[in-house]
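What follows is subunit A paired twice: with subunit B in the first complex and subunit C in the second.
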Partner chain A sequence: MNKIKKHSAVLFLLPGLLGFTVFYILPFFISLGYAFTDKAVNGTFQGMKNFVDLFHNKAYLKGLFNTCKFIAVSVPLNMGAALGLSLMAKGIKKRKDLFTLVFLIPLVIPSGSMAFFWSSLFADQGVLNGWLNMLGIGKVRWLDSGTAFWIMVLIFTWKNLGYSMVLYIDGLNRIPHDYYEAAWIDGAGAGDIFRGIILPLLQPASILVLIMSLINSFKVFKEIYMITGGYPHDSIYTLQHFMNNMFASLNYPKLTTATAVLVTVMTVFSQFLLKLERKASS
Partner chain B sequence: MRKIKLTALLLSIAALSTACTGQSENVTSAASGVTGEITISCYDTAASQAFLEEAARKFEETYPGTNVHIDTFSQMPEIKSSEQEGEQRTVILGEDDPQGRADYISKISTSLMSGEGADLLAMDVLPIDKYVQSGQLENLKEYMDGDSSFQKSDYRGNIINGLEFQNGIWFLPLDYSFNYYAYDSTLMADQTTSELGVNHAFTSNQLIELGKTAFNGENRILSAPAYISDGNGDLFSRMFREKYKEFVDFENQTANFKDGIFEELLKTISDMADQGYIAKGLRNTTDTGEYRESAENPTDRYLFKTKNNFSLVKETYPDPDLALMVSTSMVDNGIETDDEIGGMWSDEGNRVPFTYEQAYGINSNSKNKETAWAFLKFLLSYEIQSSPSMSLLSLPVHNKARMAKAESLYGMLLTESGELDEAQRQALNAYTDAVEVMSDQINGYTVRDTTIEDMVIKEAGYFFDGSKTADQVAQVLQNKVELYLNE
Partner chain C sequence: MTLNKRFLAVPALILLGLLFLLPLVVTFSNSLMSEAEIIQNYTAKPDTFDLTDGIIERFKRFRLIPERVTLKQYYEVLLKQPSFMILMGNSLKIVIPVTIGSLIVSMLTAYGFTVWEWKYKEILFQVYVIVMLMPLQAVLVPNYIIADMLHIKDSYLAIILPGIFSPFGVFLMRQAMKSVPAAYFEAARIDGAGNLYIFLHIIVPQLKSSGAALCMLVFIEYWNLVEQAVVFIRDYAKEPLSVYLSRIAEGKMGLVFAASCIYMFLPLWFLVAGQKNLEKGIELSGVKQ
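And then the complex of A and B:
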């Protein structure tokens, strides 16, 4: 029986795996060759020089710093907010589905529409500055000052909150109700239950949310790029800006070097988190 | 929005271009390698398509077995005709499309990245410096030196040599244009005009200093306003270009906006506007549109104005009807009836630069470089260079073609039969003399990057609309441009 199950699982996985291999894995390994040459056309092999140079490249280091800073701020914020909302959703008796659905709407809005919305809101001549003007306050360059970083955090959180919330709701639903009842009978307060039951038993869900948030934190680039272009304010220049600009300027060696580093780091990190998740689940 | 206004002349030129078939020189296909298909890619459809299609047809006739595909990207501009005071006028409205340019660059870069792309690439909007650094363009210096059928002496040497960049010549222009200063002879004192003429070259600063002696508060020194949001014809863009090399060093990949020179530039221009030497900036598209409209019906006089080489026709043959016909200005140059040639436009390094409408480079990925080079040579040949389908606003790089084109231009503008009378022939000689003397002064081409220029023009706008200080603008540009250069 187990053998049949395994075979059917492989059959179901095969089409996706094939597509993933042909369109992602193979091109990645084919393009990896550029990471060891000085230029894309008639390039010569130069060993690990591109990797060494990459970590001396000011633009790359700036993108790396901003990406790390963004992840450090936005991922915990997203996880905390999602956990809070999922706890609220759990406590809601009526219209619970509607409450959840509202937070899922950003997931189905196309990136172009989202970019248009945020751009209209934060543009120099946009809605927010219009309101500030009505109040007699001078306009703020939302996208061209330090506030741009927080707008990027806001866009990320707005887009991913619903998804993370659903994962947490699922995790909360998996906690047996008996545990709460036993805790109440023993006189535990809400804080004790959160610390002693919810947090430990939500570990697998938390790790999954962490992995998904990390991956999605790289995807926020699409909207940011649409709003601010390839050379935005210093504070929101991320690794993806660097890689996208390398693509536009035909610097394939730098692009593939940066991609190789990123893929390696992400693979190692997600493997570590998945191991943690399996450990927590068991 | 950039509005391009041309007069009825251009319509007649277009009609002439399609009507004229030209005398083909019936070149035999000596080079056996010239065969097969090639593709040319260019962004600017309006400037290139008709010309390239005609050239491609002639090339295919000359070299049987060849096939030239033309691939253009931008939308054709809108053409509007109207009648004003009994005269038929044609206005060509083309909208500046930064997104379209970015999409085109992305398309070309993607195709080059996959080892493909057109055999010949028009250098109209592509980032030349990036393409050269990544080895995507062939060094045409080697092609010219290694091809005995290409006679460099047939062309303006200072134009071709001026293109040398990073130890090579990576593209060749079919034409060139230059800007010169004209002055209003009714406003300038005799002692000042002695310092002006075809043999002189000035930076904007030098000209303003010269103009201060004749400035009485009534007429502005320079026709260019402080700032125009599309960076076209304003003093800021011009003075930025004059000092371009001080701010951007491609060879060493450094930006230099923070040593005070850029801030000084912004403040100087702002002060000039405050003192009435120039008009204030135009901050938005509505302002710009109104400004362009006022260029049609000028009422003011300016001590100095910048003009394109095409306007030399007016300077050498002062006729009000002709002046109206060759009105190509996108900026308000005021009343021009008393204009005289003041001198060439030079940058701060005493370099007299030129621009071009069409230039092409060979893609390193091309599988048919021999035919691509043959077609590029064909585009540079007398037959094509003297063709009426070449832009009338610029000058052919081919020496004999430049003369032939001048003659046909005067014949077309001044006569119905094409035969020039004595006065007209004298005007033609004065024109060709002026063109050659002024062209002799050209000594360089600045490889500029549209991405950097877009950044600078956008950011400078924040200074001119008062929302950022010069220091803030300089700081932002230092960060952005340095980031761009160091990626």
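And then the complex of A and C:
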């Protein structure tokens, strides 16, 4: 009897799993065929050639490098800033909800208006250069130089800080209040409490924030593309630009090869993430 | 707490907050301007008058207070041009099924993952996580292939169905279910409750706030959807409004800001309402433990 009940749980999983297989797994394996052929239509099999070519493709390597660099800079920055602001939010007594709401607002602004704002600000004849001009400083080519990378970091942080804050505030609220009090009574300082209580107990939340920041770091492409198009300055040409341009030019073999490589990387990475997660929640 | 620190921190925070609000403020103030004023503010080419005045270089300007406040944009969008309302209706036709569908599917699937005992369960879950981590650009080709095979390429279903079965919701709900104490399940099972009973009467009420959070996130994501619609929807009249708004730079600048503000209203309202729900849910679960 009990055994039947335990196995009836599979019925809950099945509809979702079926849809997931049909819409993600199955078509992925069908598309994988492209990675081993030369053309999308009537292509001939050519073994691993696409993979070898991919790693000699300058545009791909540039995109890969920039994406890695962007993740390495923006994800820790976002996590640190979100944690700091969440701790502050916890200290605020009045209008705490208003405080977090301010940081959540960027999430709801239509991407079009957002892109319009940032491009008006940073364009060559944009608002920022107008201010500099008034101060007698010459024009800076914000989007056509190395500074573009930092603008991408800024836009990502601006858009995702609130999201991460909510996750951290939730995590902080789950830490029982007695813990702090006990530590205070024992004479622990603010730094000790942060290192000894907050950081370790906040680990599950941190991992969630890490995963979400990573996913959202890929999504910043939408706004960046609207601001600078498919072929931006070298410093912000990401893996998504490469993939998007391959999709637009119907170059499925190259795109699918890049996807297959990414899946391999993510398989290793997800293993690491899940291990970290299991360790944190136990 | 030391007073000095607070005196420094508060203005710094207010400044930071204003910086976060600036794009919203600019969009809103632009929505109260006439088209002529907007064009004047955002055109960087010097015109003949400038040249006679000796101005050779012009820059775009953010004007926070319109020279003359006018509701003309809102009047046009809401009353004179029904196309905006049609496009907004298209957005709703996509976002409502995705939000409701993904909530139901994610909760069921996550429950399955929590309760079902199978040796390879965690490997299966890892597949979900891998797909979840993939950028949209990597998923577009598979999406396109399956839409083509099922003959739903030019319909909203090509966007809605992958949205409903997206792995993100399953991941989020499974994380949330981990916080429900195992004792709850055991007690119910000893009392002879079946899985359906446990799911409906124990899990769903416990996960109200997480479910609300998921709905909010999915709603915001699909309300602002651009890329998938560009790929799948070829008919301009069937486009969601978010796609129209993303072409802001081409042409009708004069109406886009009012349309943006109207478009923002719904997710903003959700955010304000959902946020209260979120905090309530957290407090409640804290009391019960």
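Here, the second predicted complex is superposed on the first by the 253 of 282 C-alpha atoms of A that agree within 3 Å, B and C clash if a C-alpha of one lies under 4 Å from a C-alpha of the other, contacts with A are read in each partner's own complex, and residues count from 1 in each chain.
Methods note: a residue touches a chain if its C-beta (ideal position, glycine included) is under 8 Å from a C-beta of that chain, and two chains touch if they have at least 3 such contacts.
What you see is a predicted model, and the numbers here were worked out from it, not measured in a lab.
A.B. asks: Classify the contacts of A:P15 with the two partner chains as first (subunit B alone), second (subunit C alone), both, or neither.
C.D. replies: Only subunit C; A:P15 stays clear of subunit B.
A.B. asks: Would you sort A:Y24 into first (subunit B), second (subunit C), both or neither based on which partner it touches?
C.D. replies: Only subunit C; A:Y24 stays clear of subunit B.
A.B. asks: According to the stated criteria, A:Y252 is in contact with first (subunit B), second (subunit C), both, or neither; which is it?
C.D. replies: both
A.B. asks: Check whether subunit B or subunit C contacts more residues of subunit A in the superposed model.
C.D. replies: Of subunit B and subunit C, the partner in contact with more residues of subunit A is C.
A.B. asks: Should A:F70 be classified as contacting the first partner (subunit B), the second (subunit C), both, or neither?
C.D. replies: In the superposition, A:F70 touches no partner, neither subunit B nor subunit C.
A.B. asks: Counting only touches as set out at the top, which of subunit B and subunit C does A:V166 meet: first, second, both, neither?
C.D. replies: It touches subunit C, and subunit B stays clear.
A.B. asks: One more residue to check, A:L208. First (subunit B), second (subunit C), both or neither?
C.D. replies: Only subunit C is touched by A:L208; subunit B is not.
A.B. asks: Taking the superposition on A as described, I'd like to know which of subunit B and subunit C A:F149 touches: first, second, both or neither.
C.D. replies: A:F149 sits against neither subunit B nor subunit C.
A.B. asks: After overlaying the two complexes on chain A, where does the subunit B footprint on subunit A coincide with the subunit C footprint?
C.D. replies: Common to the two interfaces on subunit A: residues 124, 247, 252.
A.B. asks: Write out the stretch or stretches of subunit C touching subunit A in their complex.
C.D. replies: It is residues 1, 9, 13, 17, 20-24, 26-27, 42, 44, 57-62, 105-106, 108-109, 111-113, 115-118, 122, 124-143, 145-146, 149, 161-162, 164-165, 167-168, 170-171, 175, 178-179, 189, 194-195, 199, 213, 220, 223-224, 226-227, 242, 245-249, 256-257, 260, 263-264, 267-268, 271-272, 275-276, 278-279, 282-283, 286 of subunit C that touch subunit A.
A.B. asks: What part of subunit A is in contact with subunit B in the complex they form?
C.D. replies: Counting only subunit A, the residues touching subunit B are 39-43, 57-60, 62, 124, 139, 141, 144, 230-231, 233-234, 237, 242, 245-252, 254.
A.B. asks: In their complex, what parts of subunit B are in touch with subunit A?
C.D. replies: Checking each residue of subunit B against subunit A gives 105-106, 109-110, 112-113, 127, 130-131, 133-136, 364-365, 451, 455, 462, 467-468, 476, 479-480, 482-484, 486-487.
A.B. asks: What does subunit A use to touch subunit C in their complex?
C.D. replies: 2, 5-17, 19-20, 22-28, 30-31, 34, 88, 91, 97, 99-121, 123-127, 129-130, 133, 158, 161, 166, 170, 173-174, 208, 211, 214-215, 218-219, 221-222, 226, 239-240, 243-244, 247, 252, 255-256, 258-259, 262-263, 266-267, 269-271, 273-274, 281
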